[in-house]
Amino acid sequence: MSVNEEFRPKIVAFCCNWCSYAGADLAGSSRLAYPADVKIIRVPCSCRVNPMFILRAFEKGADGVILCGCHPGDCHYSTGNYYARRRMTLLFSMLDFMGVENGRTRVEWVSAAEGVKFSTVMNDFVEKIRSLGENVRLGDLRCKN
Amino acid sequence: MNFSYYPGCTLRNKAKELDAYARASAEALGFALQELTDWQCCGGVYPLGTDEIATKLASVRALAQARDNGQDLVTLCSACHHVLKRVNDDMRNNADIRTRANNYMMLDTPYAGETKVLHFLEVIRDVIGFEELKKKVVNPLTGRKIGAYYGCLLLRPGKVMAFDDPENPKLLEDFIRALGAEPVVYPYRNECCGGYISLKEPQMAENMCSNIHKNAAGFGAECLITACPLCRYNLNKAENNLPVYYFTELLAEALGVKEAALK
Amino acid sequence: MSTQNKAKLVREISGTNPSKCMKCGKCSATCPSFDEMDIKPHQFVSYVQKGDIEALANSKSLWKCLSCFACVERCPRDVQPGRIIDAARQIVVRQRGGNYLTADEIPALLDEELPQQLLVSAYRRYKR
Amino acid sequence: MQRIGVFVCHCGSNIAATVDVHKVVELARLEPGVVHAEDYQYMCSEAGQAKIGAAIKEHQLTGLVVCSCSPRMHEATFRKCAQKYGLNPYMVEIANIREHCSWIHKDMQEATEKAVILARAAIAKVNLNTPLQAGESRVTKRALVIGGGIAGIQTALDIADAGYEVDIVEKTPSIGGRMSQLDKTFPTLDCSACILTPKMVDAAGHEKIKIYTYSEVEKVSGFVGDFTVDIRKKARSVDADKCTGCGVCQEKCPSKKTLSEFNRGLGTRSAIYTPFAQAIPNVPVIDRDACIKFKTGKCGVCEKVCQAGAINYAQQDEIITEKYGAIVVATGFDTIKLDKYDEYAYSQSKDVITSLELERVMNAAGPTKGHLERLSDGKAPKEIVFIQCVGSRCSDDRGKPYCSKICCMYTAKHAMLIRDKYPDVNVTVFYIDVRTPGKNFDEFYRRAVEEYGVNYIKGQVGKVAPQPDGSLLVQGVDLLDNKQIKMKADMVVLATAIEPNQGVRNIATMLTASIDTNNFLTEAHPKLRPVESPTAGVFLSGVCQGPKDIPETVSQAGAAAVKVIGLLAKDKLTTNPCTAKADELLCNGCSNCAKVCPYGAITYETCLVNDHGIREERRIAKVNNALCQGCGACTVTCPSGAMDLQGFSNKQLLAEVDAICR
């Protein structure tokens, strides 16, 4: 599909409750806009995100998935984000192999104080997904209209 | 040890000795300056406008040639150094300027700031080392009280030039010490000499330079050294001035190659 | 060109953001040419903000700035007044007849010692 | 099948101005499980909650979705509300349509579409919610305060006065902190030591307070109500029980050339030292880097002169492990390094000093015995220039982007004190803005100008140039006169930006407390929970949270103490019921989950299992609900899918993903 202005991607953002979800709240209370294409799912920690969730998102038609957690060393549960980082490295490389480009998946560390960063990251990610266009891999054809 | 070398227009002309002393000193210190084959004038001042591309191309050409030679690029004149380092920084960090400059140049390999630009003084500090320089000195300049004059172009903007602390530099003082002389630290050593203003407003430059001389003399300097022909020209025009030398002249003297250099 | 467009052009050429200025005056405190300038360095910013590029373009300050970057180095807000005044200068010299230095003037300005560098620098700053 | 009620909040116009709330209601009604939907102006208000209650009764709701502000704001409110009307509180989910929607989008259609999708996700999740029961955990009735400055001391005193035990850990040899270095305080000009030392004495003498000086927190584990902390008591080389504080050792110590930290490097101290005369405890420490005995093995003068026999060269660091229910961070601040601001010649002239250094110069116990003199030649200055905002309000990487808040006031204080004591000295202050929001603050600054004749100039200084005659040439600007000023001064004082103390990042990491890019600790809510960290059981006191003056610090210290007391007053805490749980039929006992658990909450038991009629003994993971904090690391690591997290189960999260991607 060619990139066009009308393309509105579906983007799922998993945010840990302690840092990134709070960072998103701060972006909100500071009125720092980012596209409505991003929908946030709250998880207790980035390590709660099962690769299965991300595969399912792509299967159901997501065009990009981003996982946000506390900065390394600052995880509320001490080590959760380290697990997430390792798991996602593997998963993303497998997804890339399967044709879901690396640009469609991302891990970012956003602290509770980084509203600006949250908004910047989301703007950037959406722009990236828009440039990549619709995701055609992994989609469950039965889900198509 | 070999470096690509960019002399610049003034060193081919009014400041021949700055160049000659440097080449002789380099040899004495064990490195060679290999002049780029067809360099062009850098323009003297860095074109500040973000949309000025053509005026930056001479620098890009020199930088790309050094890259192709696989060498770091050494300069002597403060102005050339300033322009080359800043254009190099643009080529490395400013995607817009990089793209547009490369579109003009049509190089075999596009240039993206790969070359390391070094001032002759940085070579002495970072590659040779002041300890090593001290060992090579045969005529120590004992007893001489020398004020280092940095001017603006070597130091600012500090983040891009990354030459020394722009407000309290030490490089030339360490250099003077290594030659066996006594550095005189004075606060106006990083104040502007007036630069190109001296062409149309000589009085302004003269006032600035006399303040610099007065300040340096007040702290006990007997002479000044500089790396820039324009600074030297402006400083020399001021009344009651201290003698102003190129740093390479004192270097050649201390290394015992001064006489030979001008032959 | 409209005044608004000129102000926009100054922002573009200089690559700076005058809105970052907090009016501390450190640029004017720093500038070695302060006394020679009619519009002072800290005012460059407000002239661009007001969109009064005309006044800036007609000011003496254009030709008194030394591009010594002391204001750029010391500005706590990264506004870079030196780049702003250069952009205004560019707008002037890029217009026909806007040159501050012409070839005819040069012979009278020369002397024995004058380095080439001075001529090329002045040419770059003063002339299209 | 659940019977779900959806409640859409207008939040005044905060949501309703951007999101078509009626449309959200209308479309939510179509979702599976939804039997009721309505909107209201303020759902969190009493009337709003009553509406929820009425709907629960009328429609026999089993689950609630509230489309409103962030769950971090009102999840607890709506859970309580559900409970009040007989519903399990964990049957409530929040769709965040304010912070994540109405506040960041402008286009109504776009925002409404997104709000509907967020509501759908929450509805899909509630469909799979199950009632959860919160457990209980114990509370250790003792608090730890990290930092022994005025913030830490005040917090500790307030907690102790309420009858709870408090330990203070202070890394320097004495409590007192920055305030002990100050000469006078604004806006009353009372003597800092006179108001601080009684508090230090109170803390030291309080039966509920234990003070560990020359000590640092090394390790923290556990959670709210039940922290375990390792404290490293650094070797003092002096036996505190025997030392009488006579001071002879300090007098006789032959190594006297170490720069005094207390005097900001302007004076020297001996190798065995107490930082200042009123130090608490009044027990010296041996600085082993400076001590001749430790460096060469020869000397031992202090041991010889100590009548009490308190010197102990062989003393080792000691690790103390203690349990605490709550931890207060009160680590304070320091001034920034000025090496990137040498246009002010700080490193080039002894007569250019920071304001904190001036405090020491003005102090009777300071390096000049309180005489105002130039540190280069001891001469009395006639002309003093103060420069404001040095390193504050900078957007470049040299300084700090924030206003340090205290500088305007202490500069007015310094100017006034100098003019009062030395009327022949001229004082000039270069300022950008004078910021005086505080009780009696502006009046104070005006007194400096009107009564004491301090010369305030609006404008910054560009350069300070030391002159051959020893004076300082100050080049500044007067923006109101539009003139550049070049004036000679004998001394220049820099109002240097403040920053959180070194090491606070390390402490934040140990506590898993959030910290911002400027190294200030983040509060749980900037307005409503200013003294709590988002990490339960961790509280903030003083400048570690943001720049503050003394009265503000003391108020915040008290507020933090109240929060701690509120926590320690409880015998039990309800724990988060969103804990992990293993399905015994799926678990294969592989131990992977136990390996990733940061709390050691998973153990294995051999159980008799009935797997579709096959009864056998199996090794099965068991989660200790009191220890599990619900991070979910185990759920992902489990190869057989046996481990799940209650409240954030695989099915619930997948349902959310499905709803969003629909």
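Going by the order they are written in, the chains are A, B, C and D; count residues from 1 in each one.
Note that in this section a residue touches a chain if its C-beta (ideal position, glycine included) is under 8 Å from a C-beta of that chain, and two chains touch if they have at least 3 such contacts.
Not measured: the values here are computed from a predicted model.
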| item | value |
| --- | --- |
| Chain pair with more C-beta contacts, B-D versus C-D | C-D |
| Centroid distance [mean C-alpha coordinates] between chain D and chain C, Å | 46 |
| Chain centre separation in whole Å, for chain B relative to chain A (CA means) | 50 |
| Separation of chain A from chain D, taking each centre as the mean of its C-alpha atoms, in whole Å | 30 |
| Multi-partner residues of chain D (each touching 2 or more other chains) | 343, 463 |
| For chain B, residues contacting two or more additional chains | 167 |
| Interchain contacts, given as pairs of chains that touch | A-D, B-C, B-D, C-D |
| Chain B contact footprint on chain D (complex, rising order) | 339, 341-343, 345, 347-348, 463, 465-469, 473 |
| Chain C-facing residues of chain B, complex | 8-10, 13-15, 41, 43-52, 55, 77, 79, 152, 155-158, 166-167, 191-192, 194-201, 204, 208, 229-230, 233, 236 |
| Residues of chain D touching chain C in the complex | 343, 389, 393-396, 398-399, 432, 458-463, 475-477, 479, 482, 484-485 |
| Residue ranges of chain C touching chain B (in the complex, touch as defined) | 12-15, 32-33, 36, 63-64, 66-70, 72-73, 82-83, 86-87, 90, 100-101, 109, 113-126 |
| Residues of chain B defined as touching chain D within the complex | 165, 167-168, 185, 187-188, 215, 218-220 |
